[in-house]
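Input: a single structure, listed below in structure tokens.
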Amino acid sequence: MKTNLKAVLTGTHTLSGNEAFIEGAFAAGCRFLAAYPIMPAIETIERYLKRSAEVGATFIQMEDEISALAAVIGASWTGKKSMTVTSGPGFSNMMEHLGLGVMLETPCVIVDVQQSGPSLGIPTRAGQGDMMQARWGSHGDYEVITLSPSSPQEMFDFTIKAFNFSEKYRTPVIIMSDEYVAHKKEKVIIPRADEIKITPRRYFKGQKDKYLPFKRDKDFVPRMVDIGDGYKFHVTGLTHDDKGYPIMLEECQEYNVHPILWKIRNDTEKIIEFQEIGTKDAEIVIVYYGATSGAASKAIKQARDLGIKVGSLKLDTVWPFPDKKITELAEKVKAFVVPEINYGQIVSEVERCSYGNANVVFVSHGENGIDNTEDIVSAIKLALNEEKIKKGIIEYQSQTGRV
Amino acid sequence: MEPLRKTEKDIHPMDDLLRMDRIPHIWCPGCGIGTAVTAFAAGLAKAEIDLTKTCIVSGIGCTGRVAGYVKLDSFHTTHGRAIAFATGIQVANPDLKVIVFSGDGDLISIGGNHFIHAARRNINMLVICVNNFIYAMTGGQVAPTTPLATYATTSPFGCVEPPFNIPYLADSSGAVYVARWTALHVRRLTNSIAEALKKPGFSVIEVISPCAMYYSRINRLGDGLDMMKFYHDNTEIRHGEDTKNLDIGFQTKIIVGKFVDRERPTYMDSYNKWLSGTKKD
Amino acid sequence: MKANPRDVNTGTYYMDGDVAAGHGALAAGCRFIGGYPITPSTEAAETFARIAPKAGAVFIQMEDELGSIASVMGASWSGVKTMTITSGPGYSLMMEIIGLGAMIEAPFVILNIQRGGPSTGVPTKTGQADMMQSRWGSHGDYEIIAISPDSPQELFDYTIKAFNLSEKYRCPVMIMSDECVGHMSEKVVIPPAEEIEIEPRRFYNGPKEKYLPFKPDQDLVPKMVKAGDGYNLYITGLVHDERGYPITNQKEKGKRQQFPTRRLVDKIRLNADKIIELNEEGMDDAEVVVVSYGISYRVAIRGIEKAREKGIKVGNLRLITVWPFPDKKITELASKVKAFVVPEINYGQIVFEVERCSHGQANVVLIPHGGAGVHNPDDIAEAIEYAVKEKKKIRKVIEWKTRLEKFVFEGGYKLNK
């Protein structure tokens, strides 16, 4: 399926991450945005409104973030590709409806432009403190797909990918951007519309009275129809059977929820993407994602200049986590170095998957924020000099130390 | 002669509008929600609208289960968010008529913010709010509509909070159609629903309903039938009454009728006007 | 400090877990609960509403869960011990303000009677699938304490402990119970007030002009004052300095200082050993250790018995505090045993923590359960048996295929008869 021409701004542009996101969304076929204004995601709404008339897309500013995601889920069932944008505090408010989106198996995209948290934190400063929240923030069991772009170009590309994943797996997909990527202006190349691959919605095409909204295909993904097409279907956030009718039984819970996890867990190989550079002969591998990419790449270069064999693994999809890749690397390398703008989130996943075969050195959110190249280089040296394998994460202490 | 389809008692004129495969429903004997659903189904038939382009959204609670029994595209969503969910449906596809069918706790307490904002925006939807003065699904807690001094499990010494007057709230927030009936006024309620279904904009119909299991048991008001008798003796129809005067106290007189029927541009009217303006630039 | 006799309804009762938690809260000195009705936690709120007035405490039913938790936050800074009561969906709504609580270091307790999820799920039946959410549900970095009681008596006892921990560390404390424990009726002994130890609030006693609301003591926890005592407090959810004033640039005044939110995680991480409470049994010669919490622990006991009848040496580790996670204990055990078996009523949450801390030294077997019921002890016994026999080191969590899963997906189970 190809996209409408007006929606794709083919050419080379200078765009911020937030703007590139909107262009990506339009190119992917998104036509509905419900949001509530929040720093530092606000520019997305402005860009959307600027372009919405020519694209033919709808926007509504809702009264809070809770209703924004509720409206997005409602809109998605009318057949429009829908999304919402927010930042940490708004993302926290969306947690209940993230669960509803999972339970109703509704394709939608959520962008979290992360700021420094918790609570109001520092709205104008980048953070990566919501990574675990994206995976675990709503109650009950579910799986999500989470992408982490590190530049405006990736923001554009990943947004299209996110919409495609959401349609393919009928699940909410989260893009974990951050203040740094959102406000960074860079060259963004937007390809021709016919070069952009779009996954169409998986519609049901059988007899009207035979439609079951939660009857799963072989890959556990059910098919959708639009409201108003005469199917008279029912869906509910309660545990339900194929018809979408609630059944309050242990067996139904198993029947309903386990496949929701399987549709992602059994397909991780196809979902997970990462960029692996120089890991073949590496002693140390830096695992990073999103905003830390800049500092990490610089640090890798500096360390290589010093003659240290450093490889890098940049996570494009953070969830599902590339367990196998890390386990495989752990057997070959001496240590992982994980820089994050938080106090330890993805690093514990790296620790989990390394099975005691490699040390894990964590470079936390220091006083320099994202410009912590020096800290990363020192952490690489620390990792190199550590002979024994330690049980537990080794935290690199920046010069300032603890309070 | 046309043969009987099954037996005569199996057939009901509303079978086409209800999900008969889900009957029996979950409501207790003496509850008024079933009556409200019957009136709604009759109203749907009477309004003669395109049912394919009509959908229903409910929140959580006893009334929240209504969506599951009505044979339209139906959504049972999260607590308090039915109106927000319906807003998304309506704005993304303005051809659809959305009905939000939920309870007082769901719409006025946890969903109170969405209620006033959707009314302010004049989103094209019909909100049917069944008011039984209590949270019945969770076992009889105090609700935003519980009259002063009324007992509930979380107000064991009598409710100390003044209740919301739902028509007044809807009116002052900008709703274009506001009516109130009880579960006893089936015919008038049906007509009201049929009328409101054709009205563009944010319409609200409050349906006062007995809760025989909790509200009347905790307050010793008898069973469902006693409550219906009470409505019979203590309701007064006053069309066009100022919504300010519609407070309900504990077992006081209930004023019913159609209070507001006015014209305002809907959200989509204003939106399209704005959109056509920007296109010209 | 001892509990106030006015708050303690001493005696021996037959009550369910929710009711016991309501009594526990009052006994701990709770003076304010803001709640919103949600199955299956409502009985706790109803109990508190009934017994609170004679002890001078307040119950308010707020308009939603956002309102509940926000009111609790305010009440906490007005100087009283506070709690809110909820279940999964309400808990999800509270996420933003839990972050605020962590940031402004308000002591408060959340009672979460978990039910089957996600979304509305199975409101009337059990689940344990909010465990990771309790740790990670709000945005940004913070740490919390989570306790998982397994009986009505424990819901009484550990509610008191939860209040004590929240006052001591000035952080959110979650009681992560579940519907089974909440609705289970058992004997509950409420001891006399003089036997109940309660932690008073850490009030500041120095000169007014010297008070800094976020200046930490040795153990990284600052002292509190009440609103209305003339300190002219400024409390914000923005990142703030010791005065409580927002800072947007941490290099302010050229002073090199650690980013202030660091302390929010350190005060729990560095005190973890003091907080963690575990219950272990049969560890000495164990080949396999069953790690469980809450209602799963009580089911696991039967599974362990069955395995022991077959001569298998099984240890039993119960997490009473689930967060902070007992990293050291698991790592230490991992070097001694062959495998861990983790039964939990979810599709894998705490099991990943066990996997992380075992550092590849022991296999990890998950016995999942989607909720709306508890495990079959036979599944647990069989998984133990398998774990003992497995010679290979398996580099992933081994997901045990339960009887329920086989029945539903392979056994020809029909949902709509």
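Observations on the model:
For clarity, chains are labelled A, B and C in written order, and residue numbers in each chain start from 1.
The rule is short, and it goes like this: a residue touches a chain if its C-beta (ideal position, glycine included) is under 8 Å from a C-beta of that chain, and two chains touch if they have at least 3 such contacts.
Quick caveat, the model's predicted, so the values are computed rather than measured.
If touching chains are joined by edges, the resulting network of the protein chains shown connects every chain directly with every other.
Each of B-C and A-B has its own count of C-beta contacts, and the greater count is at A-B. Inter-chain centre distance (chain A to chain C, centres taken as mean C-alpha positions): 28 Å.
Between chain A and chain B, the centres computed from C-alpha atoms are 39 Å apart.
Among the residues of chain A, those touching two or more other chains are numbered 66, 96, 100, 104, 236-238, 243.
Among the residues of chain C, those in touch with two or more other chains are 89, 119-120. With touch defined as above, residues shared between interfaces to two or more other chains in chain B number as follows: 76, 78.
Chain A meets chain B in the complex at residues 31-32, 34, 52-54, 58, 60, 62-64, 66-68, 70-80, 82, 96-97, 100, 104, 226-238, 243, 245-246.
Those residues of chain C that touch chain A in the complex are listed here as 66, 88-89, 91-93, 95-96, 98-100, 102-104, 114, 116-125, 127, 129-130, 132-133, 135-142, 216, 220, 236-239, 247-248, 250-251, 256-266, 327, 331, 346-349, 352, 355-356, 359-361, 368, 370-373, 395-396, 404-405, 407-409, 413, 415-416. Note for the complex: chain C touches chain B at residues 35-39, 42, 45-46, 49-50, 53, 59, 61, 63-65, 89, 119-120. Listing the residues of chain B that touch chain A in their complex gives 19, 21-22, 52-53, 55, 57, 67-68, 71-78, 81, 83-89, 91-93, 95-96, 113-114, 117, 267, 271, 275, 278-279.
Those residues of chain B that touch chain C in the complex are listed here as 60, 76, 78-80, 105, 109-110, 112, 135, 137-139, 141-142, 144, 153-157.
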